[in-house]
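Here you go, one structure.
Order of writing sets the labels: A, B and C. Residues in every chain begin at 1.
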């Protein structure tokens, strides 16, 4: 297996992009990554997108996006694992380069979510759950995560305020990210006073509906060195699946797939969790970030709430989590998120993160998750 | 276009809680499956879930998916039935203050939703306080 | 001898008081309460309908019957509020109780007596030996037009009876049906609410048919009112059953145990059937029970039952009718009632 480097990154401002279609959003973003990499060809494309079919009635993105990028006849793949489609695309691209199958691979993630109503978007996102035995009964994603929060609060005493603090921290970071959908600060009171979506989660506990894309260019590390680019390598990739239905999990207050994927990625990278300088994780809901920090081993099981309260995961804390603003402030165009996490980590490891730079960052980790934890993708990055 | 086939296929589960019990390790699969997730065995015998249990977690959905628009807000929960199987369903006939982890529930046959005034009526199981 | 092998009831928990309805329409609540002897009525939740209540009542009947549901050879659901105009309530019920596929099913309609019609058919099939067990359910989520007198009484409930020849808890000694064409109360297809003939629904309708069926069955059975421990009449309001009972020579004491209407409302096809389940709940071996239903259009079905020793083994196996009626109630106001009963016009 060859060493794999990220030599180009691209991301445009995320939000409700009324004037831009999915193909436009993707191509603009991909071009930024291609130009950043300075490459003139692509050997392969991997696109992560959860549900262009339900959101805009469009499938066959492999053809559409390679066409509009002007890259036909490049081989292309579109991968899906709900909200971890982006992370899965990253892994597939990584495998293609590491295996020697391709040299220059474009990995992109995109989602266009605002061409449907809020209820229709809720339905589309709900297809990440068990349609016949969760969705059929009226469950939504906020509903499922709310039940995880209730279980976690009951088991460990995690508080409503601690959940809100995750959102506050991520907005604090996001206010320093010019590409974020919501680049402003919020308070704990604002979270708790915002409208309830599924008790105990308020709207400000939930990541938003967003249009956006992110892209990276991968190539063998040797090629990157020859191109005189700052070399940031992907040193570890891990993936794990878990049951589709929340009710089938052994422990509903624990993310086993993240735990296993994290272990695999770190083992491949030859690192321990304590060696990592920053983390971009899947805070689709505030409770998710708390449970993810436990599953990755940043804190002891059950102590995720206390950790955010104590500032452990703040930008200047011991384990900076979501310096980009996370899904909460940056936005969550579902299929794009996993790739955007990689964009942020690479930016940080290149020292280009401006106001939200984690000082002296050498290693970063991304964790992207699908559904209520039915799939997890973890990648470890290191700057040479 | 109505699609009754997806609903009709699950009727033995929706109406009668029919499940499969692994002949090797006793794992109860609801809905029934072809492969036991616990031991990998491929043989099951027919069984039925029991209709009473205890609530493990719950929430109240206030922003519903479009088919449930007129029902919001509604409570949903995961109960551990007395045979050890966990089930997800709405919790109804529940006054505020009664809904809590550990409450006992039993199963009742109820309407889940209708496809408008002219479409199919979907039935299934819900939890009521025992 | 054939008879009832198992019986079960189901009543939704929501209640609305007469005063609450009268307040909205500026009507005379004390007048309704005194004149019709009505206090409150049951209201189905939005996720309940004739089918869901029929399923729960039937499950209760099965608990008392103690039989294999596959042995049920016929399933009849009588209602004037079947959820579908075309597609039987009976097939959903038969699937839900696991009686399919070897079973005959039909939906029945005859205003408020569709429940006892099913009982008559199921009993008859058992008597001739065509089936081993037959299930008959009367269930309704009746609608009363806003502001109309019937809005105060139109209620929801279900009663289920399993008939058979062995394990009988109440033997069916006699049946009788009295039918004429009398347009006292009706609903045309595609109409949301029924219409009625006002005072015409009294003497030429309710009273004529109930007395016709009661006198007919007493003559056929060679019995008189005093021979009965209990009598149940159809209950469109609180007054009519006592009035017709007096006309026929029955006492208040005989009527009271099965008289649910003042707290339940008129559950239409379940009205006299629920009166029967409530009576069975308190009956003793050897008791003689007369039930006379009434359905507008018009007709009455009458049955004479004699309670057996087995009644005491089954009473406690499922919820008692009076417990369903009196316990676990929740009161709603007219706004919630109108929302639940789809009386509010929503966007298309």
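Just so we're on the same page, contacts are C-beta pairs under 8 Å (C-beta built on N, C-alpha and C of every residue); 3 or more make two chains touch, one makes a residue touch a chain.
No experiment lies behind these values; they were computed from the predicted model shown.
Visitor: Taking each chain's centre as the mean of its Cα atoms, which chain lies farthest from subunit A?
Guide: Between subunit A and the rest, the longest centre separation is with C.
Visitor: Select the chain whose centre, defined as the mean of its C-alpha atoms, is least distant from the mean of all protein C-alpha atoms.
Guide: Looking at where each chain's C-alpha mean falls, the closest to the middle is B.
Visitor: Would you indicate which pair of chains has the most C-beta pairs in contact?
Guide: Top-ranked chain pair by contact count is A-B.
Visitor: Rounded to the nearest whole Å, what is the centre-to-centre distance of subunit B and subunit C, using the mean of the C-alpha atoms as each centre?
Guide: Centre-to-centre distance between subunit B and subunit C: 30 Å.
Visitor: State, to the nearest whole Å, the distance from the C-alpha centre of subunit A to the C-alpha centre of subunit C.
Guide: Between these chains, centre-to-centre, one finds 59 Å.
Visitor: Note the residues in subunit A that touch 2 or more other chains, in rising order.
Guide: Residues: none.
Visitor: Among all residues of subunit C, which ones touch two or more of the remaining chains?
Guide: Residue numbers touching two or more other chains: none in subunit C.
Visitor: Touching two or more other chains, which residues of subunit B qualify?
Guide: As it turns out, subunit B has residues touching two or more other chains at 71, 90, 112, 126.
Visitor: Which stretch or stretches of subunit B touch subunit C in the complex?
Guide: Within the complex, subunit B touches subunit C at residues 11, 15-16, 70-71, 90, 92-93, 95, 108-112, 121, 123, 126.
Visitor: Could you list, by residue number, the parts of subunit B that touch subunit A in their complex?
Guide: 6, 10, 30-31, 37, 56-69, 71, 74, 76-78, 86-90, 101, 112-113, 122, 124, 126
Visitor: Would you tell me which residues of subunit C are touching subunit B in their complex?
Guide: By the definition above, subunit C touches subunit B via 13, 45-49, 51-52, 55-56, 59, 83-84, 92, 95-96, 98, 328, 330, 346.
Visitor: So in the complex, the part of subunit A that touches subunit B is made up of which residues?
Guide: 117-120, 122-123, 126, 130, 132-140, 142-143, 146-148, 150-151, 154, 195-201, 243, 245-248, 252
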